[in-house]
Every structure is written in structure tokens, then in C-alpha cells.
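Next come two complexes, and both contain subunit A; in the first it sits with subunit B, in the second with subunit C.
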Partner chain A sequence: MRQSFIQKNPSILIFLACLALFTLLVTVASEGFGLGFISTSFVKTLGKTLCLCLVAVAMDLIWGYTGILSLGHFAFFGLGGYMIGMWLMYERTRLIVVEALAQSDIPPTPEEVVSGIGSQIFGVVGSSDSPLIWSFAHSLPLQLALVVLVPGLLALIFGWLAFRSRVTGVYLSILTQAMTLALALYLFQNDSGLRGNNGLSGLQNLPGVSAGQDQVSLWFFWASALALGLGYLLAAWITSGKFGSIIRGIRDNESRVRFLGYSVEVYKLAVFTITAMIAGIAGALYYPQAGIINPAEVAPIASIYLAVWVAIGGRGRLYGAVIGAGFVSLVSTWFTGGQAPDIPLGFYTIKWVDWWLILLGLSFVAVTLFAPKGIGGLFDLLKKERAK
Partner chain B sequence: MKTLMQAGLMLLLSLVPAWAQETGPVQSILQENRHLIEKSSRKTIQPAIDALASSGLPQAQAVLEAWQGKDMWQVKDTGLFYRGEKDGDAYRLTDFDSGAAIGRFDKGDLDQLKPNSGIRALMATALVAFQLNDPDPARRTDAISSLQRDPGAQHLEPLRASIAGETDPNMKAQKRRLERLLTAAYDKDISMRVMAINAMRGDLGVDVRATLNPLVTTRLDMAEGDTPPAKTNVARILKPGTDDLPRLEAYDMLAAAGKAPPRVDRDTIRNTLSNNIMDGRVGGVPLAQLDTETGRIRAYTALAKDGTVPSFVVDNDINSALQGHVFYEVYAEKDKAVTDAAVKTLRAIQTRVGLMQALDLTLDALSLASIYFLAAIGLAITFGVMGVINMAHGEFIMMGAYTGYVVQQFIPNHTASILVAIPLAFAVTFAAGVAMERLVIRWLYHRPLETLLATFGISIALQQLAKNIFGTQARPLTAPGWLDGAWVMNDVVSISYIRIAIFVLGLLFLGVFLFIMKKTRLGLETRAVTQNPRMAASMGINPGRVNMLTFGLGSGIAGIAGVAIGLFAKVTSELGSDYIVQSFMTVVVGGVGNIWGTLAGATMIGFFQKGIEWFKPSNTLAAQTYMIIFIIIFIQFRPRGIIALKGRAAGD
Partner chain C sequence: MSHMSTLLEVSGVSVSFDGFKAINNLSFQIGPAEMRAIIGPNGAGKTTFMDIVTGKTRPDDGRVIWGEKSVSLLKMSEAQIAQAGVGRKFQKPTVFEDQTVHANMLIALKNDRGFLASLLYRPSNKDLARVDELAGEIGLSDQLDRLSGELSHGQKQWLEIGMLLAQEPRLLLVDEPAAGMTLAEREHTTAILVEAAKTRAVVVVEHDMEFVRRLDCKVTVLHEGSVLAEGSLDHVTANSRVIDVYLGR
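After this line comes the complex of A and B, so read on.
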């Protein structure tokens, strides 16, 4: 009997068990359903971290396994966030507008409701009509489909153009970075239809839901954990079989795989598009917990941080990506949140808010130079020790 | 002429009453117009001012100025006018003609002349004539520029009169030009105006357009019937329902003029309906049915039928109302010959302005291209020649700019500080580049993706370091005085000296680069090491040393570029990251490994971006977005850039 991919690779089960345990612990300790050890805002932070882990898994798939250093996956992440944000904002505004119009003597017409929503949402950018791209914003299922379709389609078109003309290596990285920059610049415009610089806000409020933030935050935490678990499984499945072998082959020697008769472009395109979709889903779960999305989130720097997390965690292994993203983003939050104690040196006080990025940058150089396997490499060392 | 006038005065003096004989000529003029001056009003004062202005006396100007400045006093007993100056409680009077002191007077013995603002304006006009002929050139210049700011019909005559006597050729030209503008705008003789307007054809000055444009401004008007009323200077007849005049707008015009019942819009319907609710119904329609447009219109029509509200204007009403009227644009200027000439002249000017704007845009694009080239040229060495992806390149540019800023803190003289800053910036970034190459990059030569990430780590660290040291606010890097201002060709085309300097610097760098690469030992060794490091090593070249120096050179050039960019951009810690993607694009689009390619890439990107801004003005963000999309597509067709290396030089 053929072994399933899970049996072949015990680390998957271990990871899923850890994730389940973590979710359970957080739930028990949370304010919403449990003992109240963990504040609502920290539940949100943990939920967001799980989303970042999910996009890191996608990044590992495209970079660690396929060898394409994409500097655009955070753009897909942001697009997913924008797509869900459109529905959240539209629906919430609709409820507010309907309620306001219900105060008057005669019932509102649909046209009045639509124009009310338009001027509410787009007043800040000096417009009162909903742009064309908001046509589906009234419907949750359509907008949920767009969470996957928009990043997927963009990745498909961009990837097709790039891979077809055999742009590889650093050139592809720079090209993806340019794509991200173009998207960010486009979103910064006031007439982009997505409220320009202001972005979409108030996303933490689920329209029509009266439950408090302490509960909503847990719902999203569970959803994020579920998404991460499923995403991890999917990624593990993709990388396990023949498909996995081929993409690793592409990573190690693209020409050889091509000469063996495989259509390298199709494989690369498939991975690029799938990972973009995963990134979109991760973004759609992240931004309702963050509450706001604006074009700065999409800026090229974010995508590079994503690469940093995966590199520090250890690429080419899925749990490495999760560890890297979880570790670095949580430590980042700790340091930049002002919680870390300052170090007085007498003549100068090291404030971590100021020095954290320098530490991160340098540790990144160190990891690249001295520990290319990242934190995940520690597990290899452990294994070796046990083998002795 | 003068003698004749003096003779006339003598004659005058012999005829006038006794008081005149002891006083100067201006005083006599003042006394003649005494009643006008004492009971002055805007309507009656003109003859008195004219008498003074046309007297030809040099003192007349002083009188007018004193009068305007409320410094003219009249002695109650004699009725004579003098210039008064406050001296303690009393006033010291001086004679206008002789300048002799008359004595101190109590305020009770004097009357101050207080012209109102209308009269002062009349005096100002009269004074312009004096100022235009003033012997002091500075005052003439003042008068001319005040006329340029605020021209009026009344200035035309004094200006004309002053041209003949003008000695300064420069000012004479200015006066002639001003006279032409005033003629075009205000002359009573239509043929003179048309002539003046025609003479301005092809003149690019902003003042010309500012004079002509009011002549051809139009306003929308309408009249009953098929044709506009006679004697109106019609620019064009508009048909309602076209883009220029939408139907509803035309109808609203009629409604505003009271010639048709006003349209009932959504809000009005809504308000009317909510004011007319009876027993849960409006006009017989239940409230619950008012949640659609048709339901509301039904209810409103029902109300209108009862006569309680104005009736609903339907399409047919609009059409019939519009048919009975003609809509047209009418010129503010009444004379057709003038407007025709103005339109023709403006059209000719527009063509030339368009051409000049194209030239201006070309200069802008060239300047942008040189900025991109400058930012990218260091990268053309490190990335183009050596193949090292240095994401910290932008931070080297930033370091150069901050070096310039620090130098200016110590050397206040801007010229000297820039001269010091350029080599110092080179030294600082050269050292940084060498250190980075030795410590990081040389371990990663065969792992380009890792180089990208490691240098990126350095980039964030350097950026944050700069933020810690210099703070987040922008620091000034001031250009030397001789780089201020712009080279102005005419009112349309101008380019600032800094941009010219950057263009020159770009050319200079190109020369230096070519010289180093083609003519020096280092260039030869660099090319050898890039093509085949092992072969080069076996020829006795130390690849490590060459790589180090080459990388240092590329970084050093980035530092100098930073000083130049800092002169016109804000020096912040993000200065470099603003340029990094564009710089890589420039090198990639141009073709890696070839300086001419980088030049072509910068030129193409610069021109393309300015070109988009031309079609979509005032939207730099959109221009950048489209430019990047264009580059992505461009790379589809030329993956190796504009100038692709062929054969062995291409490497791989």
C-alpha cells in the first residue's frame, strides 16, 4: 500500500498537533471564552502572527522549494486584505446609512442608499460615487471569491509574462519588486477607487454582528489557525510527490529539468499562482484583525521582510517558514512596541524602538553568511546528535 | 517750448491778483483752483489735478505727492497752500515753489487737506505720468512695474507721452511693450487696438496672454427665438444636448431666468413628499410603496394634480422650453474686429506655446533622465559590471547626501562646502563599499539571491542608523548661490541651474566611467575579472583586490550622486530607497554590463515618465505606476535590455 504523504513526513503531524495545542491554550487563556490571562489585543496579535506564518509558508513554497525569490507576495497579501476590506466597509456603511435614512418619514429608495454609501466611503477622496471595482462589494460570497481570484489572476498574468520570457534569478526578484511598487503607487492615488492614502478602515467591526471584540478576535484567531493548518497541509502535499520533486529540481537546476522534457514555465506559474492565492487568503484574515489597510502595507519593503522571515526561519522546510515568521514578527512587535527594557550604557541609552531594525538587519546578514539554514537548521543539528 | 511757457506764465502773473505776485507758479495754480481743492470731491476735482499735471512744473509732482499723503495744509488767513510737517504741537510749513520755510503755525490756524480714496486714486494716475518721466531710473522702473501689475485705461495717455522722452533703451522697450498691451486692451480707436493685437502675434509673454485672454472671455447667454439679438458679439451658438451644453443645464438656465418652471429633483421630491404625509399616505400612495423612484414619482404626480405642489417637469416640457430659445456664448468685449483679431493672435500664440512646452518637456525629461542616470551609474558598476545586487546602493546615495549636510555644518560657505563634500562623500562611501565587499559580499559571489538579501539587511540597518543619528525630519543641503535660479529662455521654457549642473555632472561621470573602464589598468583588470576570474587570476591579477576596488568605486560614485541629489531633494533616511527600484530598472532596461545601456535606459525612462505626465498632468504617482508597468512589458520583448551584450561578454 502506498504511504500517504503525511506518514512519510512525521513533521507535518507534529506541526499540526502543536498548532492545535497552541490554539487550545490561547482559547482557554483568552478573555473571550477562557480565564482572561491573554488580553484581546494580544489574541489579535497572535491571530495576525498566524496569518503571517501562512503567507510565510507560501513564500517558502515559492522561494525555498521552487527557487523563485518573489518580492511581491506581500502585495498579494495586501490585495486579499483589500478585497475583504471592501465588503466589510461597504456592508458596515450600508447598515449605518440605512439606519440613518430610516429616521425620516418615508422609506429610502435603493438609489438613496447607494449614493449615501458612496458619499460616506469616498467623501475623504472628494468623490461620492462608488467606482466600478466596488460593483461586487455588496456581496460577501463574491468578495470572498475575489480574495482568491484577484491575487491569483494578477500572479497568473504577471507570472506568465515573466516566465515566458525566461526572466530568472535576481532579475525576476527586481521585476516582482517593481510590480509591488507599481501596485503600491497605484493604490496611493486618490482616484484608484480604494480611497488612496486613507486606505480602508474600521475593518475590525463585523457588520451585523453584535458580539464584542473579545469574541470576534477569537473567531478570527481560530479561522487563522485553521487556515494555517490547511495551508500547511496543502503545501506539504504539493511538495511531497512528483510535483514537489520537479519544483525542487527547477530550484537546483532549471535547465536540466527543462532538458528532461518538463515544461518548467507551467510548473513555476502554477506554484506562483497558488502561493499568491494563499497569500491573498492570509491577507483577508489578517486585515480584519488589524482593523485598517492602507497602501503603505503593500510597499516593497513588506515583501522583503517576508523573505527575511523565511530566511531566518530556514527555507526549504515548511516549519522553518512558520518558525521564522512567528519568531521574528513577535519579537518585532515586542521590541517596537516599547515593551523591551532600554539598556542604559551611562553615556548613551539604547532604545530598542530605535535599534531593533539595526539588529534585525545585521542579524539577517549574519544568518545569510553563517547560518544559511536558519533557525530550522537547529533541528538538523538535534537530529544529528540523536543519530550519534 | 520752455521759454514759451515761461512767457505765458509771466503773462499770467501780470494778470493775476496781488497774492499771486509774491508766490511761486505752483501756488498760483493752486490758488486758481482753490475752491475745487477746498471742497474737493471725486467728481469735481479733475480740473485741478489736470491743471497741476499739465503745468509742466517740476514742483507739481511734489504738490501732488504731499496732497495725496495728506501733508498739504492751508493757512486759514491767507488761503495759501504749504507742505506741513509736525513739529511738537504745531506745524512747520514750507513753500512748494521755493522750498523756503514759512514758519511755525498752530493747528488752529491751519486746515489739513484730506483727499478721500477716490481722489487719491485720481492723483495716483496723474503721478504715474510724473514717475514715468522721473529723472531717477529707479522710480521709472517702479512706475513701469506698477503699471505692469495693475494696468488701467487711464494710464495709456501718460505712458504714450513718456515714451519719446525715455533715454534708457531697455526701459524704452519696456514702455513700448506696455503701451502696446494697454492699446490692445483700452484704446478708444478700434483700428489701433486691432493693430496692436496683430503686432503681438507670436509673442510668448505671459503678459500678452493675460491681456488678450480677458478680451476673448465669454459668458453663456440665451434669448427667445432662433437667433441671438443683434449687436451682440456672439462667439458661438450652442445646441442644447451637446457636451458643451447638456440639456438639463440649458433648462436650468431657463429656470433660473424665470422663463420655465424649475425642475423637481430627487431631494425636492423627497422633501415635498415628507411634508405632505396624510394618514400614512402621500397623494393616495401608501408610505411603504415610496421606497422606489417610480413610487415616489407616482405620489408626487398625484400631489401635483391636486395643485398642492408645482407640477413635475417631464421630458416634453424640457424639450418645448428649449426649442423656443437660442443659447450662445457672447464675448465680454463688444467689438467684433477686436475679438476676431484677439482670437487669431491667441491661436498663433497657442501654437508657439505648444511648441515651446514640448521643448520645455524635453528639457524636463532630459533632466529627469540625468537624475536617474546619476542614481544608477554606481549601480552600473556594481551590478552591471560585477553582477552584484547591492540593495544598499540607495543607502550609499543617502550617505553621500548626509555627508554633504554634515560638511555644511562645519563650512558655512556653500560653494566651498560643496567642493569639500564631493570628495569627502566619495571617500566615505568608497570606504563603506570596500568594507561591505570585504565583510559580506565576497562570501556570496556565487549566491546572487543571498547577496540581494544580505545587502538588504545592511540597507535597513543603515537606514535606521541614519534615522537614529539625524532624526526623521528632512535635513537641508543648500546649493551654492550661483546655482539658485533658473535659465529662462522665455515665459514658457525655463530650467533651473541645479538641473543643468546635474546634467553636466551626469556627462562628467559618463566620461570618468568610460575613462576608467577603457583606459586604466583597474578598468582592464575589472573587465578581465568579470569575464573570467580564474583566467584573470592566472594572469597575475588579484581578483579579490580588483573586486574590492571596483565595488568601492561604484559605491563612491553613488556617494557623489547623493550630494547632487541632496541639492534638490529632501535629505532624509529614505532618500536612497526612493531611487533604488528606479535605479535597478534603469540598469536592467538599459542592458546589464554596458554603460551606454544605462544611459539609454535612463533616457528612455525619463522621457517616458515625462511623456505620461504630459498626457496626465499633475499626477506623478500615476506616471510612475504606468512607467513601471511599461518596463515590465518592455522586458518581455527585450529581456536583456536595450543594449544586450552578445557573445562571450554576455557571460552566464
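After this line comes the complex of A and C, so read on.
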């Protein structure tokens, strides 16, 4: 009688099987381990896409299921990226500095090493000291903890203030945009302690690892696939039971839930914080594959794209979010990467690099107006056809 | 009757919206196992009264005292008031339309309301049996697996009442339960409410006089935010002011 949440929802197993198959195919076809059909840089693109799918799952939880249109989840994504980037950059610089100092006759003192690292990393912003926020950058476990703690804490504080004051709907969306903008502006400053608009770079190099990028790219690809699989399972579990019923209830009729005795604010805060943490993890896997993170990544528009992906894929169903993020971001890479052929019309040439965003905007409008269930809605049609 | 203890005591409550007094020095009492009907013209303040008791609207003045320990409901949040034992049915039926009847009942069922408890919750056999039992009472036994959005208007009203019962409240506030129901549905609704009032306090707001008569209980007439008359239905309907402001129209 009582089934597990996976038995109740076969789409979870189908999704995990597709993900596993995809991972296997890419691995076999990659340069690093297999046949070499897929270039290392494309493996990275695919790995990054999996991370975007993961943050889209988080977005679907908060928006599609709980009804809170957060336009700030890419800020949490970026923070996760910064947190792992700090360790990658610090540790790699430390190795370089130690090696350079080893050339001299006298062994270097720890102070010399630390100041060497400081001037290497912060020279670009006219400083030579590591700021206080880099205190843990020497430790991988600590920075990994910060990958979830920093976005989680920011979400907890921000969410507590916003939900407690019963800010809802479009006002909440605006507030999350303001938060994102404030974060981006802060990061742009040279004395933010995170290298201003230079951001953190060289993140593709794993310190102390001699394996080539063809191998490392696969490791990150696998890690991204694993994270997406686990994140999907977690989200499916959260939404399957009574908790899922309650958050969907909050989405559809907040006051009904309140008068049933549930503290709606606590539930919202829980989902907001959990999804911010998932976004942080996704970002921490994304940026080592991108190689660089800078404040432009956290710009408010990125969070809006995230909502667009989920809307196009179909909100309120997890695979919809994955399809939306995967499909749109890959197509976007294709169009903006210069691979898409320009269309000469004689009097005017359509350059996709310029026109892609307009196309995306139009598809968003079209989906909102004509297919509110998004691409995922096609599966409903299919199911209905089969039931006939 | 005079020695019966009170479950809810509202005294001297006033609230105004933009200078308009929706509730004006209202006082009201109800015992722990009592049925009460509230009638009154549109805009009399019946729904606002329920808003005040359930914490949705904060009054400008007055006291709302609850239970044996005489705690004030005015300092509590909506969720806390609900947890203390006040259940409410809205004027417009509000159920979670894209979820099954069964899921709706499970959300409402009296259990730990914390988010961790909900996350780890698995329905016990006792809970499942209770849902079946309640579904029987509200006549939705064969609808448990349907989406509640697909139910008829009357069935939605019953589901909402069933959800209230599942909360096991000590006081049930029911706003216009019979609106839009057929005669047979109304009779069923009366039966559910009368049964519920055997073990708890039930306050029913209703315009339909036949429905109120079948409830066979004390009636409070509200007008312009205060109590105009109180007593048996025959008593209040004989009151000339009640006839003027309400029945005569």
C-alpha cells in the first residue's frame, strides 16, 4: 500500500537513467577517456550545462512548487563559485610561490610565503595582503563548507527579513533583484576582497594535480552529473510527501495553509535556504569548468534568465526545469558562440549573436501566453494520447 | 446554561477600515460544545468577526480570550491560533485544487506542524484510518483519489469542512457553508455540522433562514458591526429591529 516516493513517480527513475546514459555516452566519446568525438571544451560546456540544470531544479523548487518567484538564485550560484574559486586560486598560487622561493638559498619563512601569495593574487587591485575573508582559503574542507554556508546564510537572513514582513509576489521578486544587484555592485569594487571586476581566474587548474584538462574536465563532468542526480532525487523527495503538499498549498493558497496551523514563513524560509544551498553547490561545480568567475556573472539579468529557462521547460515539474535549462542554455551557447550561420537577407544580415536574446525573449512571451506548462507540458499531451 | 464555561469570549471589540467602523464594540461568547448561528445583512461584519478571531485582522480595541487558561488570541499569529484549536472555513470554498482529496485531508490532519516533521512525515495506519473515517462523514469516500479541483462546488465545501474536522479544532468557524448548494446537499451539511457541535463549539454564518432553522440553535444577529439581538430563531425573528434591518428587505 505505502510505496516509496520513487515508486509513486516513475519519471524519477526515467530521468536518472537518462542522466546515467548521457554521462556514459559523453565519457566514451570524450578525448580524455574514449574515442575523442567530443572535444574537451565541449565536455566542459556539457558539464556546465548540468550545473545550470541543477540550479534550475532549485529554481523550480522555490518558484514552480512554492510559488516564490525569486530573481536572486543566480547570486547564490555565483557565491558558491566564489567560495570554491578562493581555494583553487589560493592553493595554486601558494604552490607557485613556494616553488619560486625554493630557488633561493635560504628556505622561505611562512610569512614570506603568505605575503608572496597576497601580492600574487591581489596585485591587480593594488594590494598585497589577503583580506580577512580569505582566512579559510588555505583549507579545502572549510571552503567547501562555505560553498553551502555562505549562500545558505545569506538566504536565511534575507528570507527571514522578507517573509517575516509578509512580502510576497512581485514585491518579493523585486527585492531579490535588489539583493542580487547589491551583491554584484559590491563584488565589482576593488576593495571587496574578491579582486573586483577581475574576479577569480585560472580556476580550471586543480592545484597539485598533474592530469591534463582532458581528464580534469571529465572529473568535473562526472561530479556535475552526480550532483544533478542527487539534487534531483532530493528535490523529488522533498516535493513528494506532506512537505511537498504544504509548499504547493502555499503556492496556491497561502492563507488556507496558515489557517490550518502551519507557519507559512518557516516553510518558505526552509525552501528558500535549501534551494540557495543547492544553487551554491551548482555554482561551485560550474566555475572550475568555466575557469573564471567575475561579478558580471552575478548580474541581476542572470537570475532572470534562470526564471526564463524554468518557465520554458515547464515549472512545477522537475524534469521540466532540467529540460528548460539544458535546452535553452545549449541553444544559447550555439547561437552566441558564433557557430550559428548568419542569415543574409540582402538588405540586412541577421547576426544570431545579436538576435538570439530577442528570440529568447519572444519565446518566453510565447510560452507564457500560449503554453504555460512549457516544454514539459508536451509530456502531458503524450500521456493523454496514450491513455486514449 | 448560565453556568456553562466559555471557550471563546470576545468583548468590546472594534475595528475600522479607513475610518469605516466594520466592527463596533462587539461582544460575543460561546461555550465548549455549542452550536451558534450568526445572521445579518451583507456588510454586517460577520466575516470580519471571523477574521478577528482567527488573527487575520487585528482589532483596534477590545479583548479576545480563549480557553480555560484565558489566553488572549490577539497576541498570537494565525498559525498559532489555528494550533490552539480554532478552525475556519472560508466564505468561498478554498481547498488545494491541484492535489487529491486524500492529500488535502492529510495536510489538515492534526499532527506536528513543524517543517522538519512534515518533511519526515509518513502517514501512520491510524492517520490513514482517520482520513477514511472523515471521508465517510463528509460523503467523499469514493472521491479520495480525485483531484479536489474536479469536485463539484458542494463537494468542495464538504472537503473543506472535512479538513477542518481533521484539524480537530475546539472551535469551528464556518462562513456560509450552504451557499450554492442544492437542498439535499444542504441537509447533508446540516447533519455534518450538528454532529460536529456535539463535541466542540461551532459558529455558522449563514443567510439562508431555512438552513439556520434546521441547525436548531441560538442565533446572534449582527448589524453594522454590533450585536442587534440574540436568542432562539423565533425570538430574534420576532424582534422588530431585526425585521427592519434584515428580514424586511
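Here, the second predicted complex is superposed on the first by the 387 of 388 C-alpha atoms of A that agree within 3 Å, B and C clash if a C-alpha of one lies under 4 Å from a C-alpha of the other, contacts with A are read in each partner's own complex, and residues count from 1 in each chain.
Going forward, a residue touches a chain if its C-beta (ideal position, glycine included) is under 8 Å from a C-beta of that chain, and two chains touch if they have at least 3 such contacts.
As the structure is a computational prediction, the values presented were derived from the model and not from experiment.
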item	value
Which of subunit B and subunit C A:34 touches, first, second, both or neither	neither
Partner chain(s) touched by A:229 [first = subunit B, second = subunit C, both, neither]	neither
Touching partner for A:377 - first (subunit B), second (subunit C), both, neither	neither
Touched partner set for A:186, first subunit B, second subunit C, both or neither	first
Subunit C versus subunit B, contacts on subunit A by residue	B
Contacts of A:243 with subunit B and subunit C, given as first, second, both or neither	second
Partner chain(s) touched by A:256 [first = subunit B, second = subunit C, both, neither]	second
First, second, both or neither for A:264, with subunit B first and subunit C second	second
Touched partner set for A:207, first subunit B, second subunit C, both or neither	neither
Subunit C-touching residues of subunit A, taken from the complex the two chains share	2, 238, 241-243, 245-246, 248-249, 252-253, 255-264, 266-267, 270
Residues of subunit B that touch subunit A when the two form their complex	266, 270, 273-274, 277, 282, 287-288, 290-293, 296, 389, 440, 443-444, 448-450, 452-454, 456-465, 467-468, 577, 581, 584-585, 588, 619, 621-622, 624-625, 628-629, 631-633, 635-637, 639
Contact set on subunit C toward subunit A in their complex	54, 56, 77-79, 82-83, 87-88, 90, 94-99, 103, 106-108, 113-115, 118-119, 121-123, 163, 167
Subunit A residues within the subunit B interface of the complex	69, 104-112, 158, 161-162, 164-167, 169-171, 173-175, 177-179, 181-182, 185-186, 188-189, 300-301, 304, 307-308, 311, 354-355, 357-358, 360-365, 368-369, 372
